[in-house]
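In the two complexes that follow, chain A is the common piece, with chain B as its partner first and chain C second.
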Partner chain A sequence: MLELIAAVRSDGTTGDTGDDEDERSGRSRWERLRQSDFVRSAPFWGPPFLLMGFFVYAAIGWNFLLSLTDYERFQGPDYSNLDFGMYRRMLDDPTFWEATQNTLILLIVFTVACLVAGLLLAILLDREVRFGRGFRTIYLLPMSLSFIVTAQFWKWMYNSQFGIINEFFGLFGLGPYGWLSNPDLVLFSVIFALVWQFSGYTMIVYLAALRAIPQDQYEAARVDGASTLKLYWRVIIPQLKPAMVSASVVLLLFSLKAFDFLFALFDGYQPRKGADILSTMMVREAFARSQWAYSSAIAIVLFLLSLAVIAPYLYQQHRQGNL
Partner chain B sequence: MRGTAAAGVSATALLAGCLTGGGDGGDGNEVEVLHGWTGGDGADAASALFSAFEEEHSDVPTNVRPIGGEGNQALDQVVAQRLQSDEPPSSFAGWPGPNMLQYEGVLGDVEEEVWEEAGLKEAHAPEVVEICQGPDGYSAVPIGSHRMNDLFYNVQVLDDAGVDPDSIDSFDAFVDALDAIESNTSAQPYVNGLAPWIVLQFWAVTMLGTQGYDAYMNFIEGDGDEAQVRAAFENVEIVLSDYLNVDAAEIGFTEANQRIMAGDAGFIHQGNWAAGAYGEDFVYGEDWGNIQFPGTEDMYGLHFDSFLYPANNPSPDNTHTFLRFAGSETAHVEFNRLKGSIPTREVPTDRFNEYLTQTIEDFSSAEQRPPTIAHGLAVPQSTQSQLEEAISNNFADPYNPSAVASEFVSIV
Partner chain C sequence: MTTAPPQETDSTSSDGIRALPLRTAGYYLLLLGLVVFYLLPMETGFMTSIKTAVGVRESLPFLLPGTDLSFQIPFVEFDVDTMLEQTTDEKWRDAYDTLSRGMVNSMLFTIPSTILCAIFGSMAAYGLTLVKWRGQVFVLALFIAGIFIPYQAVIIPLTELYGFIDLQYRLGAIWALPFLSEERHPTILELIITHTAYGIPICTVLFRAQYQTMSWEMIEAARLDGAGLWRIYRRIVLPLSIPMFSVVFIFQFTQIWNEFLFSVTLIRSSVDEAASVTLILGQLGQAIEGTDFPLRMAGAFVAAAPTIVVYILFTDKFAEGVRV
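Showing the complex of A and B:
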């Protein structure tokens, strides 16, 4: 009906006053808005939008606000004097730089090692080896274990006195090494344990992508005389790029928050020298020192690092029309 | 459309529920107590304590919430969240002394309603009374003390090594004893974990034993002498680098203590909670023994647990009743005889074992009771954390006594 009125009015054939026109125009806009997809779909997207907005983005915003205060202990934050003092303090803190360096090493080495190990496992399993399903389960199993369990497990494995790793090196007359006590080794010991736990995940992601590649591509490459190495290097692996990108994002984001593994491995907020990362430092500053504002500032740095990891992925997805 | 409206309403209700859910602060009458004694002798002791309270005060409803976790970290985290959100429990277990500085402004004063009304100031040792006073007044009530200057040993290992523990009257004599164990037995001379707090505690007892009570007290009061701090670290280095188990970084003190029980190691230094683990089959005097760390024979290394009283208390009257009970003779006997700790007040000793009875006598007769640095009684929590970080950075194999001593003096 309103559409009809609007149509008649646009013909100029009616003698309505200007006030009536305004009123009708307003009603029309309101009606259009009410009938729009945006409003009609609001009951579906509105509640999750509000929940996400409040519990995720408002919390991040509040965290940033806290990082601008001098909040420590339990006196409550003072929002009247906001500045970047905590970020300046961070720049002068050698522990922060060491934790950042360790975080970046963990980020890069862990992700690359997981991708390579996962790829090799996936290719082996894709070649229809005997007991392939059993191996797949075995490789994936560590992923299902809690970090508390795997940390204790690796503590025993790395034990300098009776750990199986030092026993192994002992066969060649090497060691024993202080895998968890030597500052030069400890971060790589942590990375190795995490790769063990996560390479099963990357294997599954790669395996799914490998299974999606049509068999005739393998056959065509064989007909062309490609060796196995060339077949994978030139034909198969380039097609695994989307799987690699999505697995990388998950691994990179995980490595930024590997707190619980380190907490369990070192029985507390203070890892051994060489293994302190930003997430352990953040929790230590908050809960061992009650430095809430400083801890919030570290959390913001971690958040920015996460954004730096995920933004290129989102941009790529957007360009491909997947978002 | 009706379905979507219902979904919207449910989501809104869920949101409202999340926003108003908050903590479980009880009904305003119930005494809600958080503590970290979730296993072994600690759990038994806490159970005996609260059973005795409920028996004596059956009219006071209680809600006791044990929160487990390494070194009370989970408990501290929950307490921090409750205090920050202004939903404090009625009381929580925590260290008194400088440790209370972190809670400044959110703890209450129970001097009149608890300390004076129950006569606790006269009943408890003067150092204990003083340490229970924080920036908000008397906010803590002691529940039991662990001794921090014991050196435990396996009798058989020392016998095999030809070491007479009573002859260890100096640090050099202690090193000689370690040498003898290494030379004459297959046991590890000294066993422990290498967590920063364990090294900090070992440094503290070495500082007391080799540099003296005044040097230690000057240090914790911020007037430390770097040369003395370094000298203590150099002594610690001798023990840790030459006689400690090689897997110290991978094990905790519980596993280390099991090696004493198994006869695989000679000595361990820990708070006397280590003795609580020995049980009935590992007999005091026959299988294990203790001496004071050489140089601290006249001291009692003071650690004690307490219940802290938050301001804005949800059940002030009943919490006062509970805290008066916590400082009482009944509570101290019931709790400490099972916990492996001792009362901080005079009590009949007939229900305590031989070792604890001896420790109670030592507590009474000690010339000095230096507060522990690794458990909140000597320095604030943030300072303790920085000291542990300094140890982790400079004194956890490889050992650098000069660097860590310099950091220690600058931190405190």
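Showing the complex of A and C:
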């Protein structure tokens, strides 16, 4: 931010006088051109940047400030007395640790499962298939639905009395299981449903990467007598690494903010025991319990966790010259 | 960034699939099995939504009303009279009656914010791609990070902000205009602003992906001819961005329509005049005795109808939006 402010100031003083003047010294002309490009492009990126910057970054700053207050219920925040009390309260709260643990399980299992499922789908569809387009459309369809909608379907699928999943296990004399009520099962039921919704997304990402691989690599491997499995493992999958990285970033960050699906699945702010994650806990502490300062502190933890994913990714993209 | 053309034509490549009918059959069986997997939750939802309470109790969730599996060919038992008796469109009517108000509200904020984000995104991408200046990468990084920020980290300041600004009071005179209501439209306006602000980063990145592939020569030539940045934007860049505008419209429309966290925190209650469709759906058919599943399923389809239609008509555009 500082760099930007400095840039604005220096431009403000030089002003936008056009590029045709001051042609005597080549270097200063170049400087001027560059600076005036900054100024002249500002009307384009400036307003969106200010709007977005205010709602995203200023809001996060404000949120941090709120987390240092003792704001709860309707008394209004008191900014004169700031301390880290809410963070201490968080560390002593067993609900916070349980939610953190569940968040990490969701994060890892969900991301890995989506990456694997999407890869298999992409490999299946990355060849001349009759109705290939139709299959792709169907596998990606859940991604176009709201989590509130898909949660309704899965709530019914997992229903302990009439749900299909228990009917299916019933055929083998198993169950009925409490997919959404058993604390040991519920998180995996949630993950399974989310993988159903997201695997189409990873498939699309991989398919784009697979289509970019030249056909002769497949043929060369075939001539060498490599089996299909070997071909994919040795030649193709290593080239999918960039796709895998960007898909992982999206999936990891999604699992940090997943809230809608859990809210809809459990009809409210409180998920069943075993399925509470940081994002549901944050919204519950704020909007069901009016613990504004406390939930701001949880929100800051969520923000830092996502920063831990975004920052290395952006740095890597920058180093590769992709920004 | 471009969508590869779908490959549906038969080929003569040495893929080996065509040579082995058994393997081909197995392969297609697998693909069809996956179709069943992806569609089953929706198919079950649909079958349930057209059943009466008795129908729900007496037939398997994924079968038509009044049918049952059997172990004899054709493996399904059914009786037309029972089927008709256990079929009803009542749930769909109920769901539509309850949700139509929310559909209107969702349209009212989804369409303006989709258009606004697209315009802002295209402008930002132009300013950050086709004009080079120092420090650009830093601004760009802030845009990209803005896509991924968990909204939980901004939602409390956001409610504080709208409580503090109080659009209902501040723009008092406007709400007295015809077709506007004081209870409903201030919240809709808040949602338009919110969705626009948080949609800008993804739209910027989508447009930038296209602008990076644009030909520099054309723009340089226009600049040498003395065309200003606005002129280049209007005459060269905008016409070339029309395909990307459709991608952004389709993707953002779906995203904003489906969104829930802002609805539940800014509108709060499903009985609110401004309640969005996702907010009403979440509380549909809920009673002390339990959830009315057929009603919920019908509601889920009603609420999803616009996005399903958009998705089926423009799958490729949607896929392109999702991929970034």
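The rule is short, and it goes like this: the second predicted complex is superposed on the first by the 286 of 323 C-alpha atoms of A that agree within 3 Å, B and C clash if a C-alpha of one lies under 4 Å from a C-alpha of the other, contacts with A are read in each partner's own complex, and residues count from 1 in each chain.
Just so we're on the same page, a contact is a pair of C-beta atoms (placed from the backbone, for glycine too) under 8 Å apart; a residue touches a chain by one contact, two chains touch by 3 or more.
Since the model is a prediction, treat every value here as computed from it, not as a measurement.
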- Query: Putting chain B and chain C on the same copy of chain A, do they fit or clash?
  - Reply: clash
- Task: Determine, under the contact definition given at the top, whether A:Trp62 touches first (chain B), second (chain C), both, or neither.
- Result: second
- Query: Which of the two partners, first being chain B and second being chain C, lies in contact with A:Phe303: first, second, both, or neither?
  - Reply: second
- Task: Considering only touches as defined above, state whether A:Phe162 meets chain B (first), chain C (second), both or neither.
- Result: both
- Query: Is the number of chain A residues in contact higher for chain B or for chain C?
  - Reply: C
- Query: Does the superposition put A:Asp70 against chain B (first), chain C (second), both, or neither?
  - Reply: neither
- Message: Which partner chains sit in contact with A:Leu51 here, chain B, chain C, both or neither? Use first/second/both/neither.
- Response: both
- Does chain B (first) or chain C (second) touch A:Phe287, or do both, or does neither? both
- Task: Check the residue A:Asp93 against both partner chains and state whether it touches chain B (first), chain C (second), both, or neither.
- Result: neither
- Report which listed segment of chain B has C-alpha atoms clashing with chain C; options: 21-29, 237-245, 291-299 or 309-317. 21-29
- Residues on chain A in contact with chain B in one complex and with chain C in the other? 43-44, 46-48, 51, 54-55, 155-156, 159, 162-163, 267, 287
- Item | chain B - residues contacting chain A, complex | 4-5, 7-8, 11-12, 14-15, 18, 70-71, 73, 76-77, 80, 83-84, 101-106, 194-197, 245-252, 381-382, 385-386, 388-389, 392-394, 396-398
- Show which residues of chain A lie in contact with chain B when the two form their complex. 43-44, 46-48, 50-51, 54-55, 73-75, 95, 155-156, 158-163, 176, 178, 180-183, 266-273, 284, 287-291
- chain A partner, complex, touching residues on chain C are 3-4, 6-11, 13-15, 17, 27-28, 30-31, 34-35, 37-42, 44-45, 48, 56-57, 60-62, 120-121, 123-124, 126-128, 131-135, 137-146, 148-158, 160-161, 194, 196-198, 200-201, 204, 228-229, 233, 254, 257-261, 264-265, 268, 278, 281-283, 286, 291, 293, 296-297, 299-300, 303-304, 307-308, 310-312, 315, 318-319, 322-323
- Once bound in the complex, which stretches of chain A touch chain C? 3-4, 7, 34-35, 37-38, 40-49, 51-60, 62-63, 66, 77, 121, 124-125, 127-133, 135-150, 152-157, 159, 162-164, 167, 196, 200-201, 204-205, 207-208, 211, 222, 249-250, 253, 256-257, 259-260, 263-264, 267, 279, 282-283, 286-287, 292, 295-296, 298-300, 302-303, 306-307, 309-310, 314, 318, 323
